[in-house]
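First chain A sits with chain B, and in the next complex the same chain sits with chain C.
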Partner chain A sequence: MVPTPALSLNMLIRKLESISRLSDEERRAIERLPITGRHLAAHQDIVREKDRPSQCCLLLEGWACRYQLLSEGKRQIFSFHIPGDIPDLQSLHLKVMDHSVCTVTQATVAFIPHEALRELTAAFPGIAAILWRDTLVDGAIFREWMTGIGRRSALEAVAHLLCELYVKLEAVGLARDHAYRLPLTQADLGDALGLSNVHVNRTLRDLRDNGLITLHGGKLQIDRWQELTGLCDFDATYLHLDRGAV
Partner chain B sequence: MPLYFIDTDDDVLTVYDDQGQDLPGPKVARDMAHLVLPDMARQKLPDSDRRTFKASVRDESGTVLYVATLTLVGEWKVEPPAS
Partner chain C sequence: MSLQLQPVRVKTGSHDTEGQLVFTDGLLVAVLVRLSEDHEGKAGMWFLEAGFDGAEERTHPTFADLDAAQEWIQRRLDGC
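Showing the complex of A and B:
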């Protein structure tokens, strides 16, 4: 891990402003947060189950995921994270990690000491409320995933996840025109949706053959957004964004 | 590690694996073929009393090494209802 020089907390500000407006004073307080930057390789653990972290990890570049390992090497992915997310925000209030967080791609992260976040949220209740809302939205996303894993067909579940990722990326300015770089492997998608990766391959092929998506060189283009959202009953309400993408 | 290709067919959609999977050996490829069958069966509710789900393993030379088939067979024990 190599320390990075110029780090910008702009991604965090964009993320928080996708949840609710910040005042100039709140924005300046966030920019003053003491942070330590790190470049991480792909598939590297950031924090592990049973750890007792003293800092939170803000994702600045790249993707990460929260996961748990089961016996026989099986893995369940709980969530995917994009720049601006703090995937282990819960460690601020829950001392022991009950799951792990790792990078999906090469990533740049900024560690923020818990103490600094406590001071920030004590001084700015508006920021505390936004972070609280963020963890509630997290819960809403988990509920949606539960429905997907338990009740949606593979086609609907994959389609729903592709729509969710687009809306999340678009909200922080990392995607537009229904296209984005999708760095997830079929195994990642399978571990997130409880499907074998061969079946994920089948499902993606089905979506491509029906002209709904184009997936080439890690770039996803949603060619027929209305039909894709219709297929899986995607309704972005659960993401509770301040300005919706759809 | 050698590449294995897992092709699948559920009577409606046939998917030829054009990417392949890096796997330690043919037995792991067989396990993957087994694993996909229940996923496929769960997706396609049978609209008739018979449906066949198939997953096969090809090696890099194109030789089919293994075929796994899951067949659903339903049978009325009374006169089938009209609708």
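Showing the complex of A and C:
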């Protein structure tokens, strides 16, 4: 079933309110946004590099990622996205896409026309500030990923990403007790961290053999959170959530 | 120019221990490792554990067999 506008916009309101409180007037303005809901298959492009989109995509269900294809079919994944995220928010102000966005799993999305978002942010500077803050947090996550790709060992980089995903998912109620559904393949993890599949496989095996994680049937259980975070110096400050997972 | 292989056991921190040193003109140019059963669909394939002078890649490639690995290494050494 295609999502109803009310349900979709509630997701957006929840996301924005996780950053800052909205006034009743702001909430009503968001509820009036004209949106189009759609179901998408896994591994389907939502927007491609060089596109000039006229709408932004709010992720309601499922996972998505930002990526770029290189020659010889190589792929770099820049970020993973979970429900509540607007992975192509930058297209509101940057006309041409400099990367692509695709679904990782089956997903439900809501498209919001740029024009409506522009009117909303012009009328409500508080909402514009929240979206701005969201893109700054995005930047903070990119900096952390640079450190991961450039300076962490394969073991530390994989551990760090598993911790990051847990804290992000827990913050939107999609993970608890240090467990979550991890729909990423070893190839996805490799493409995100600049590692070969073989190294990702060896690393996950290492983490499992050392009793830090259990990974079975697409479900990840972090059995020893303190040790896993200690191993990769994970500090959730860069996610700028009000409360961190412990 | 041709490549010479020399069997070796490699400590990779995993079950992938069966390896081949690859030499060109007496100089070590790559270390290949045969992937163990841990890698399921890729078990038996050859992984470029290390490579030198162009026979390397950030995300280390995997090859179906030793011939394919040697072809790739030779191409890299030839600068193709």
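Following the convention adopted for this analysis, the second predicted complex is superposed on the first by the 238 of 246 C-alpha atoms of A that agree within 3 Å, B and C clash if a C-alpha of one lies under 4 Å from a C-alpha of the other, contacts with A are read in each partner's own complex, and residues count from 1 in each chain.
Convention: a contact is a pair of C-beta atoms (placed from the backbone, for glycine too) under 8 Å apart; a residue touches a chain by one contact, two chains touch by 3 or more.
These numbers were taken from a predicted model, which means no experiment stands behind them.
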| When the two structures are laid over each other on chain A, do chain B and chain C clash or fit? | clash
| query | Does the superposition put A:Pro183 against chain B (first), chain C (second), both, or neither? | reply | neither
| task | Name the contact category of A:Lys74: first (chain B only), second (chain C only), both, or neither. | result | second
| task | Determine, under the contact definition given at the top, whether A:Gly126 touches first (chain B), second (chain C), both, or neither. | result | neither
| Touching partner for A:Ala154 - first (chain B), second (chain C), both, neither | first
| Touch check for A:Pro113: first (chain B), second (chain C), both, or neither? | neither
| said: I'd like to know which partner A:Arg205 touches here: chain B for first, chain C for second, both or neither. | reply: both
| query | Which chain A residues come up in both lists, the one for chain B and the one for chain C? | reply | 195-199, 201-202, 205-206
| request: Note which residues of chain A are touching chain C in the complex, please. | output: 74, 190, 194-199, 201-202, 205-206
| field | chain A-touching residues of chain B, taken from the complex the two chains share | value | 6, 8, 13, 15, 17, 19, 21, 32-33, 35-36, 39-40, 42-43, 55
| Can you name the residues of chain A that touch chain B in the complex? | 153-155, 195-199, 201-202, 205-206, 209
| Residues of chain C that touch chain A when the two form their complex | 12-14, 16, 35, 38-39, 42, 47, 58-62
